[in-house]
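Next up: some structures, all given as structure tokens.
Note that chain A is present in both complexes that follow, paired respectively with chain B and with chain C.
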Partner chain A sequence: MALILQNIDIRENGVAHLDNINLMFSRGGLYTVLGRTLAGKTTLLRTIAGLQQPQKGTLMLHGSDYLQLPVWKRRVAMVYQQFINYPHLNVLANVAFPLRRAGVPRAEAHQRAREVLGKVGLTDFEKRRPAALSGGQQQRVALARALVKRAEILLLDEPLVNLDYKLREQLREDFQNIFEGQDDAIVVYTTTEPAEAIQLGHQMIIMDEGGIIQQGEPLAVFNAPATIRCAEIINDPPMNIFYGTIENGDIQLQGGIQLKVPAHMAHLPHGPYRFGLRAADLRLGSMIGSQVELSEISGSQTILHLRGDIGTFILYEEGVYQHAIGDTVQVDLNSNRIYSFSVDGDLIAGPAAAEAYRR
Partner chain B sequence: MATIELCDIAHTYEPDSDDPTFALKALNLVWKDGGTYALLGPSGCGKTTMLNIISGLIRSTRGKILFDGVDFSQLPTTKRNIAQVFQFPVIYTLMSVQENLEFPLVCRKIPKGERIRRVNEVAELLNLKDKLKRPARKLAADEKQLISLGRGLVRNDVSALLMDEPLTVIDPQLKFEIRRKLKQINEHYGLTMVYVTHDQNEAMTFADTIVVMNDGEVIQTGTPQELYNRPETSYVGYFIGSPAMNFIKCTLAGNQLQTAGGRIPVPAGMSIPANIQNLKIGIRPRHVQFTNSESAKAIKGQIQLVQEFGNARVATVGIKEEMMRVKLNYGAEVPTGDVWLALPEENLCVYADEKLVNRNR
Partner chain C sequence: MKTTYLLLKYLAILLWSSFVALPFLWALTTSFKTANGVTGGATYIPWLQYKPSLEGWKVLVRTGGQGIDIVAPYISSAVVTLSASLISLALGTLAAYGLSRFTFRLGFIKNSDITFFFISQRIMPPIVLAIPFFLMLQFLGLLDTIAGLILVYVALLLPIATWVMVDFFNNVPRQIDEMAMIDGCNPIGAFLRVVLPNSLPGITVAGLFCIIFGWNDFFFAFTLTFTKTQLLPVAVVALNSSVTPWWSLSASALVSVAPLVIIAFFVERFLSSGNMAGAIR
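Then we have the complex of A and B:
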């Protein structure tokens, strides 16, 4: 039992919003769709919901043509970026609303609404109006209204993007627990944040410019990104990419930087490559001189944007530190974690963790 | 340029009430000339009220504001030499970028030559130079926000720049540029800058000093490192950092702290008052370490869950009814079953009635 998209295309003025999409979503699965803004994530959800018609392709649910089914007959629930609730109804009535519309008797609708409110942690708030709730609580109400319908397909479009990071952290945890119980539904969740996609997804789909560029188990995709573009999108901060060559057993990078070829790349022929290294695999040390362009703090990490002879790159330190713009720092690269890509950007070899997933 | 002092400032929006609710409870703050400050707190904590009192949009119910020692409390906004940037860009839609930037100088009757010189200087700094002739309304949101900022910078009488969530409408990829610009402006002009936000990351990235507010009160003032390493209240420990600081209940037993997972010594130099009912240890998830065997400085727990975040793995360890999170590098090994957790003394905080117990150094 599954939702199957085949060769789905949506184009406007020559721009592909969805570019030949082929996907299979199985019941009980939680799929995270990761991509930058304008990658086509929202269009994908709107197509599944029936809010947008593809110009080409088929959409089948459990073997029957889903494109022919009008929106109001699709058992789909959707949660949006903005918190959408009925301002004149209290929390309980907001959540019970879809059931009441479907003719479920009041007592039963309220009972089911209360069950779901318990799940999303709003039991004590059922009498309040949405305006008297925080942003995080309002988004929980919207989620509860989506859950109460027991829809076959639950779509969430960047539901945490408008919340501050403490609330995001909390709701992410809650989502994980809430979604665990949705065994009969297909859950599709879009986000721009790698950590969110990896934490929540059973399966992850990376979208870029309307197309799907990689999919698989989140850790498999994280450890073995198929292309440079995938590696950039699945890492936050994006993976550092350096141009260079392999010559005489050494990796030569811009600015005369030289590294021993690590064991996992020993089999590679000489020639030009692009090398990838995560911001977490650079350390303050002594190898490479560079200047601080900006130091940012994210959660419990310090993210250093650096520029040196090697190019511009990003280093990530656990903990909170201050660096002024223009400060000079020395950096070490962990060559055991280097990825090598072809000049065209396809993954050629990665560290042990990457190879384990590619086999 | 100015040092700004807030002396006993308090504000209520219901001055006629018998029992008014104070949006801002009595507070004293000094903002040094040329410093970068962030007012950080959840919505409704009083941070925008404080900003508006400084700019003169609101007269505080009590207290006074000094600019370089001179009482400005009764002066109107126009006399305060302050520039303010709001959440949404404010531009004159019918004017070009050049005219927008020039406008504050036209209002102040600055001669043409001087106006052009200053507009060019600011446009250079903000990368708006090739856009000067374009209609301001045609620019993207982030560039419009730079214009709002630029109108404050062209004036050479501005002593402080106040910003109220200025990056809200800016695309995440473009925030980097504006953050960098703000830092450069601070260095270049030596302006005192105050930045209001509910976003911890914005505050920690922007400011040298952060004022954490909650419910109309200042909870802690400090550098990003101080807030991270030594949160003065458990609230700050929760609010700053991700995942939040771990808190575990404990009791004082001689020179030991008794937790549900075992005893650890009281950190050196810390004198914990006796008879505190509400005593907790606090430690950052990054600082907790798995250790092989029982030791005098370790507590016992059980692995309950391991979460993957890409860049990091977070293990949740149950300690009887409580739990502790341990943050590890990606790819790091996590043991299973019963584990011992080492809590390094230098990273350990103790909270008595939710307040940090100080160490004598």
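Then we have the complex of A and C:
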């Protein structure tokens, strides 16, 4: 029993919004779709909901043609990245709205709406209009309205993106608990944030330019990004990429830097490669000279944007430090954590999972 | 500095208010004057400057062969204006929703062309429309009837209602219709249950335009009626005879403006913008 998308295509003026999408969503699964803005995530959800018709391809739910069903007959719930509620109805009526449309008697609809409002922590707000709520509360109302109908398919389109940092953290935790109770549903959750996609998803799908470029278990994908593009999207900040070659048992990086080939790359033939290294796998040291282009503070870390003969790259420094723009710093690479990609960008070898994820 | 600014501001407001309100004051005092009171120049204080009289007002209700009857035209005007406005609002709102949300295409004709076609009918000067309207009503046998006037006013008001509502619906986020459909409404249900209840300000504006235009129109009321049916603006003008009765003219003018003032007073609170707050962020 599943939702199956086959060869779904949506193009507009020659631009592919969805490019030959093939996906299978199983009941009880929680899928996160990770991609940059305009990657086609929203179009994918709108197509599943029926708000957009694909030009090509099939969409089947439990073996029957889902494309034939109009939006209002599909048992779908959706939460938009903008918090959409009905301004003329109070919170309780907003949440009860889909139940009333489905013919549930008023008393029962209100009772079920109250249960869900309790779940999202809005018990005391049922008489308010959406305009009288904070952004986080408005999004909770929208979420409650999506949950109350116990839809077969629950779609969430970057639901946290318009919230401030603190609320986002809190709601993300709530999501984990809330989704656990949705065993019968297919939950699809889109986001631009790798941490969100990894934390929430049972399965993760990476989208780029309307196509799917990788899917699998979140940690497996994180540890073995199939291409450089995947590695860029799934790491925040994006994985650093250096040009270089493997020669005589050494890695020769641009700018004349030499490293010993680590064990996990020992079997690779000589030739040109592109090497990937996460920002957290570089530290200040003595090997590579480079200049500070930008220095920002994030929480208790300092993020350095650096430029040297090796190229431009980003480094995470534990602790909060001041670096003036133009300062020269020395950087060490952790060669045990280097990924090697072909010149075309396909993953050839990466550190063993345990090694890659050890911090 | 701040005080000067405030003073200037209130002075400007005062000037403009007088400009707008003084004619009404003039009409109010004049309506209680007689011929002698009017000829003596502008005076405003009753009993002191002129002797108040109810002559002007008495003329408006026909009693024992005296005066003209303003009650019948009043009722006719109300019936014509309200019917035409309601029909125009109902049709115009539906048309506007269609034009705002769905794509129509007939050859090179697109939504925006259809919308422009609606308003283009109001670009022509009324005199151009008067003759065809006259001939059409004659053909239908509806000249000099309430029904005929309603028909003509719908033709005149529908473009206004449609135009105002298209603009309003274009500013109602589409996602709210989509959400209603996801929540189980078909397109008509989404319109009736979600879009319409949130469109009260737009409907109010459109309705107000319709009522004001319909109530005040003299031209079509004059050209398309003769003896059986008379609308208020025509009746007011008909008061004029060889001697202009300023007192009864003033009284009838006040009476005909009154409903619009009352409507504006009650409707004003629906006009507040920002009604869609809380729909989308």
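Everything below uses one rule, namely that the second predicted complex is superposed on the first by the 348 of 359 C-alpha atoms of A that agree within 3 Å, B and C clash if a C-alpha of one lies under 4 Å from a C-alpha of the other, contacts with A are read in each partner's own complex, and residues count from 1 in each chain.
Operating definition for what follows: a residue touches a chain if its C-beta (ideal position, glycine included) is under 8 Å from a C-beta of that chain, and two chains touch if they have at least 3 such contacts.
Remember, predicted model here, so these are calculated numbers, not experimental data.
Participant: Chain A superposed: clash or fit between chain B and chain C?
Facilitator: fit
Participant: Scan A:A195 for contacts with chain B and chain C and give back first, second, both or neither.
Facilitator: First partner only.
Participant: Is it chain B or chain C that touches the larger share of residues in chain A?
Facilitator: B
Participant: Go through the superposed model and pick first if A:T37 touches only chain B, second if only chain C, both, or neither.
Facilitator: first
Participant: If we overlay the two complexes on their shared chain A, which of chain B and chain C does A:N90 touch? Say first, second, both or neither.
Facilitator: Neither partner.
Participant: Thinking of the overlay built on chain A, is A:V76 touched by chain B (first), by chain C (second), by both, or by neither?
Facilitator: second
Participant: Pick one for A:P130: touches chain B only (first), chain C only (second), both, or neither.
Facilitator: second
Participant: With the two structures laid over each other on chain A, which partner does A:G299 touch: chain B (first), chain C (second), both, or neither?
Facilitator: It touches chain B, and chain C stays clear.
Participant: For A:Q182, decide between first (touching chain B), second (touching chain C), both and neither.
Facilitator: Neither chain B nor chain C is touched by A:Q182.
Participant: Between chain B and chain C, what is the tightest CA to CA spacing in Å in the combined model?
Facilitator: Superposed model gives a least chain B-chain C C-alpha distance of 10 Å.
Participant: Shared contact residues on chain A for chain B and chain C?
Facilitator: Comparing the two interfaces on chain A, one with chain B and one with chain C, no residues are shared.
Participant: For chain A, which residues count as touching chain B in their complex?
Facilitator: Against chain B, chain A makes touches at 36-37, 134, 164-166, 169, 176, 192, 194-195, 198-199, 218-219, 222, 234-236, 278, 280, 293-300, 305, 316, 318-322, 325, 353.
Participant: How about chain C: which of its residues touch chain A in the complex?
Facilitator: 173, 175-176, 178-186, 189, 194, 197-198, 275-281
Participant: Can you check the complex and tell me which residues of chain B touch chain A?
Facilitator: Residues 42-43, 171-173, 176, 179-180, 183-184, 187, 198-201, 204-205, 208, 223-225, 227-229, 238-239, 241-244, 284-286, 307-312, 327, 329-331.
Participant: Hey, which residues of chain A end up touching chain C in the complex?
Facilitator: 49, 51, 70-72, 76-78, 80, 82-88, 97-98, 101-102, 129-133, 135, 138, 145, 149, 162
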